[in-house]
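The two complexes that follow have subunit A in common; it is paired with subunit B in the first and with subunit C in the second.
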Partner chain A sequence: MDSALIPVGVKRCSFPKFMLLLGAAGAVLAWGVFAMLLIWIKGLNQTNMNDYYGFAIWIWADLAVIAIGGGAFFSGFLKYIVGKDELKNIINYAVLLGFICYSSALLILAIDIGQPLRGWFIFWHANVHSMLTEVAFCLTCYFIVLTIEYLPLVLENRKLDKIPFFHNLTHNMHETMAVFAATGAFLSFFHQGSLGGVAGVLFGRPFAFREGVLIWPWTFFLFTWSAAAFGPCFTILATKILEKVTGKTLVKFNVIDLLARISGWMMLTYMIAKIADTAYWAFVLAPSKGFDVGFFYTNNEFYGWWILILELVICGIVPALILVTKKGRASKTALTTAVVLAVIGVCLNRWVMVLQVMAVPVMSFDTWATYCPSWQEVATTILPVAYAVILIAISYRYLPIFPQEAELNPIAPEEALADEQESTEETADVAGAEPAAQT
Partner chain B sequence: MKDFHEKKYGMVIDLDKCTGCGSCMVACMSENNVPFKEDETKKRLSITWMKVYKFTNGKSFPETEVCYLPRPCMHCEGHGGHSPCVSVCPATATDYSTETGIVSQIYTRCFGCRYCMGACPYHARYFNWWDPVWPKGMEKQLSPNVSPRMRGIVEKCSFCYHRLQLAKEKAYSEGRREVRENEYQTSCTQGCPAGAITFGDLINPKHEVYKLKKDQNAFRLLERLGTNPKVYYISSREWVRRAGDNYLAHEKTGKKQNH
Partner chain C sequence: MFPFNFEWIWDISHLVFMGGLWYALGIIGTGMGYCIIKTISDTAQGKGAHHDEHH
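Then we have the complex of A and B:
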C-alpha cells in the first residue's frame, strides 16, 4: 500500500502490521495527551507535587531524556569534528533520538510550568544569573539545530527526494552539516552543564550544592561529561532494541564497537571525576555545613546507601569497565548489560539530583519529604515514550536511517528487481511531469 | 524614593515568649488575602506565609520541652543580594531590594516554574495549586491593598510591603522623608499577643530590633549555609539555639553572625 514510500533495497513489514503498532502506541499517546489536557485545563493540582516537592518526576524526566539524548551531540561531535567517519552509519539514528528527546523535554517543560501562557517570560524577562535561563536558551537553540539536522533525513524519503528542490537542498545541507554539528556540540556543552548547575547552585540545599569554578558548580561539568559518556549508550541500546523488533542487523559491529569504546572511556574518566566530587562533598563540603553524609542516606523510608552504590558502582564503574575492554564489547550479553546499566545509571543520577534533593530536610526540626506521582504525571511522562515509538517507527519505515541496512539485509533478487523497476518508473514519471525542473 | 536612607528591615522573634497560639498566622492570612481551601488536611499544600513549627528537645517526660518557632520569609540577603531564591528565578519575578532589604515577588511575572521553592531551605515559598476561592460573602473582607494571586504562581511573605508603601505615602504627605519605626509594622508583629515578634530596621540604632539582634542568645536559622537571613530568633535554651542550624555531633552550638 505504501511501498512507493519505502526506501529502495530494504524490506518492511506489511502495512496493516505497521498500523497495528502505530495504533497501540497511539492509544498510549492519547492517554498521555488526555492527562496533559487535564493538567493544562485544571492546573497542577492534578499532580501529587506539593510545596516541599515543587520539582518532581517531570524535571527528572526532562533531565533524563536530555542526558540520554546526549548521544546526538556527542556522536555528531565525533563524526564531524573529530573525524570518526564510521559513525556516519549510526549518526542518523542518533540525530533522530536526539530530536525526540529534546522535543519531549520541551513538551514536558510546557506541561510543568504553572502558567504555560507565560512561558515566554523566561526569554523576555531573562535573569542572567539563573541556570534555568541558560537551559531555556540553549535548549531551544539546540532543538532548532536538531531540527535542521533531522530535516535532510526527512527529505531523503524516496518520494520527496524526487523533487529536485528538496534533493538539492538535502545535498547542500549535508555539505554544511559540520557547522551545525559544531554548533550543536557548543550549545549542548552549555545546556547539559546548566542542567547540572540547576541543582549545583542551590546553596540552600547542602545535598545538591557544589563549589566550582567562576559561576559554574562542579555539577555543571559533570552533567556535560556524563551526557557525552552515557548518551551514546542509549543510542546503542535503542539500536539494539530496533534490531530486536525488526529482526535485522542494522549497523555493523565495528561501528557499535567504536561508539561503545569511546563511551566506555568517557564513562571511566567521568566516574573518576564523579567519585572525587562525591568524596569531597561527603568529607569536606557537607560537614562544613553541619551535615554528616550518613544523614542523607538514613532515617527515611526510601533513600538509603543503596542508591549511591547503585549509581556509582553497579551502574557506573561496572558498565565502564565492560565497555573499555575488547572482550566486554565483543560479548553480546556483556555489551547489552553494560549499555542497559549505563542508561539506568545516568537516569538515576538525574533522579538523585532532583528528587532526593527535594526529599532531604534542611532545617533540623523539619522532616523528610515523600512523593509519589499521580496517574496524570505518570501518563504525561510515558507520553514521550509513545511519541518516540511512533516517530521511530515512521522514520525507520520511510527514511533511510541506517545506510548499512540494505547491505546487511539483502532482499530476494525478484523483490530487488521489482523495487528497481518501480523506482525507475517513478523517476521517469517525475522526469515527464517536470522536465524543466530536471534541467 | 531615593531620599530614603538604605534600610534592612527584619525581625527578631523571642522564642521564649512564643506560645504557639498561631495568631501571627491568622493575622498574616487575613492581612495578605492568603487563600485557603475547604480541606486543609494536607499541610504541604496549604499556603502559610507565616508558619509556626513545633519541635521538642527529644527527651521523654518529665524532661520534655517544647519550642514553637514562627517562620516567615527570611528575606535572605545572601552575598550581595544573591539570596537563594532571587538568584535562581529565570524570569526575574523575585527581586532583592537594596533599599529595603525586602525580597519581593512579582506575581504577574512569575510563570510557576517553582525553582525558587526548591532553592529555599526554609520552605517559605508557596505555590498556588488552585485558584483562590473565598466562601460567599467572605470576599468582602479582602484587603484592597494586596492583590490576590492566581493559580499557577508562587507567593510568599512580603513583610507586609503594602504597609511600607502606605507609611511612605503618609510620611511624604507630612513632608517627611523617613518612616518612623511604629509607622511600619507587619501584621504578624501586631497580631502576636505575647509580644514575641519585633520588627524594624536592623541597621538603624534607634530601632528595637537593632538592639535585640545583639542579644547573646540571638541566632538565625541555617546561618552556616550562607543565606544571610534577616529574621533573628532569641532563646535562652541552648537546645533551641542548636536546633536553629545543623551541627556535627562533636561541634559546639555556633555563635550568631550579625549583619
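Then we have the complex of A and C:
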C-alpha cells in the first residue's frame, strides 16, 4: 500500500501490522492527551504537586529526557567537530532521538506551567537572573537546531527527494550541518549545565547546594558532563531495542563499539568527578552547614543509602568499567547491560537532584515530605513514550535512518528487482508529470 | 526580550542573556537563510532535476 514511500533496498513489515503498532501506541498517546487536556482545562489541581513539591515528576522527566537526549549533541559534536566519520551511520538516529527527547521536554514544560498561553512570557519578560530563563532560551534554540538537523532526513524520503527543490535543500543543509552541530553543542553545554546549576545554587537546601566557579556550581559541569557521557548510551540502547523489534542488524559493530568506548571513558571520568564532588559535599560542605551526611539517607521510608550506591556504583562505575574494556564491549550481554544501567543511572541522578532535594526537610520543624504523582501526571509523563514509539516507527519505515541497513540486510534478488521496477515506473511517472523539471 | 519592553534595562545581565539568545538565533537564521537562498538559486539553474535515487 505504501511501498512507494519505503526507502530503496530495505524491507518493512506489512502495512496492517504497522498500523496495528501505531494504533496501540496511539491509544496510550490518546490517554496522555486526555490527561493533558484535563490539566490545561481544569488546572494544576489535577496534580499532586504541593508547597513542598513545586518541582515534581514532570521536572524529573524533563531533566531525564534532556539528559538521555544528550546523545544527539554529543554525537553531532564527535562527527562534525571532532571528525569521527564512522558516526555518520548512527547520527540520523541520534538526531531523531534528540528531536523526540527535546520536543517531549518542551511538551512537558508546556503542561507544567499550567497556563501554556502564557508560555511566551519567559522570552518576552525574561528574568535575566534566572538559570531557568537560560534553560528556556537554550532549549528552544536547540530544538530549532534539532528540527533543522531532522528536516534533511525527512526530505530524503524516496518521494520527497524526487522534488528538485527538496533534493537541493537537503544537499545544502548537509553542507552547512557542521555550523548547526556546533551551535547545538554550544547551546547544549549551557542548558544541560544550567539544569544542574538550578539545583546547585539552592543555598537553602544543603542536600543540593554546591560550591563552584564564579556563578556556576559544580553541578553545572557535572550535568553537562553526564549528558555527554550517558546520552550516547541511550542512543545505543534505542538502537538495540529497534534491532530487537525489527529482527535486523541496523548498525555495524565498529560504530557501536566506537560510541560505546567514547561514552565509557566519558562516564569513567565523570564518575571520578562525581565521587569527588559527593565526597567533598559529604565530608566538608554538608557538615559546614550543620548537617551530618547520614541525615540525608536515614529517618525516612524511601531514601536510604541504597540510592547513593545504586547511582554511583551499580549504575555508574559498573557500566563505565564495562564500556572502557574491549571485552566488555565485545560481549552483547555485557554491552546491553552496561547501556541499560547507564540510562537508569543518569535518570536516577536527575531523580535525586529534583525529587530527593524536595523531600529532605530543611527546617527544624519539618519532616520528610512524601509525594505520589496523580494519574494525570503519570499519563502525561508516559505520553512522550507513546509519541516516541510513533515517531520512531514512522521515521524508520519511511526515512533512510540507517545508511548501513541495506548492506547488512540484503533482500532477495526477486524482491530487489520488483523494487527497482517499481522505482523506475515511478520515475517515468514523475518525468511525464513534470516535463518542465527535465529541461 | 527587546529594548522596547518596559522592563528592559541596559545592564550586563540583559546584554549577556539577550546577546547570547540573539547570537544563537542569528547563526541559526543566517545558516537556514543561506541554505534556502542557495537552494532557490540551484533549483532555478536546474540542479537536482536528474539526480540518482541511490545517492
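Keep this in mind: the second predicted complex is superposed on the first by the 437 of 439 C-alpha atoms of A that agree within 3 Å, B and C clash if a C-alpha of one lies under 4 Å from a C-alpha of the other, contacts with A are read in each partner's own complex, and residues count from 1 in each chain.
Just so we're on the same page, contacts are C-beta pairs under 8 Å (C-beta built on N, C-alpha and C of every residue); 3 or more make two chains touch, one makes a residue touch a chain.
All figures in this text were calculated on a predicted structure; none of them were measured in a lab.
Undergrad: Examine A:Ile148 and indicate which partner it touches, taking first as subunit B and second as subunit C; both and neither are also allowed.
TA: Once the two structures are laid over each other on A, A:Ile148 reaches subunit C alone.
Undergrad: Counting touched residues of subunit A, say whether subunit B or subunit C comes out ahead.
TA: B
Undergrad: Identify the partner contact of A:Asp112: answer first if only subunit B is touched, second if only subunit C is, both if each is, neither if none is.
TA: First partner only, subunit B.
Undergrad: Which partner does A:Thr133 contact after superposing on A: first (subunit B), second (subunit C), both, neither?
TA: Touch status of A:Thr133: both partners.
Undergrad: Figure out whether A:Pro164 sits in contact with subunit B (first) or subunit C (second), or with both, or with neither.
TA: A:Pro164: touches subunit C, not subunit B.
Undergrad: If we overlay the two complexes on their shared chain A, which of subunit B and subunit C does A:Thr176 touch? Say first, second, both or neither.
TA: Touch status of A:Thr176: second partner only.
Undergrad: Identify the partner contact of A:Phe186: answer first if only subunit B is touched, second if only subunit C is, both if each is, neither if none is.
TA: second
Undergrad: Which of the two partners, first being subunit B and second being subunit C, lies in contact with A:Gly304: first, second, both, or neither?
TA: neither
Undergrad: I'd like to know which partner A:Asp292 touches here: subunit B for first, subunit C for second, both or neither.
TA: first
Undergrad: Once chain A of both complexes is superposed, is A:Gly212 in touch with subunit B (first), subunit C (second), both, or neither?
TA: Neither partner.
Undergrad: Do subunit B and subunit C land on any of the same subunit A residues, and which?
TA: Of subunit A, residues 124-126, 129, 133 contact subunit B in one complex and subunit C in the other.
Undergrad: In their complex, what parts of subunit B are in touch with subunit A?
TA: Residues 42, 44-45, 53, 55, 69, 78, 82, 84, 87-93, 109-115, 117-123, 125-131, 150-154, 221-222, 224-227, 242-249, 251 of subunit B touch subunit A in their complex.
Undergrad: State the interface residues of subunit A toward subunit C in the complex, per the touch definition above.
TA: 8-9, 123-126, 128-129, 133-134, 137-138, 141, 144-145, 148, 158, 161-162, 164-165, 167-169, 171-173, 176, 179-180, 183, 186-187, 190, 423, 427, 437-439
Undergrad: Would you tell me which residues of subunit A are touching subunit B in their complex?
TA: Residue positions touching the partner: 43-45, 49-55, 112-116, 118-119, 121-122, 124-127, 129-133, 136, 198, 201-206, 287-292, 357-358, 362-366, 369.
Undergrad: Inside the complex, what are the residues of subunit C that reach subunit A?
TA: 1, 5, 7, 13-14, 16-18, 20-21, 24-25, 27-28, 31-32, 34-36, 38-40, 42-43, 46-51, 53-54
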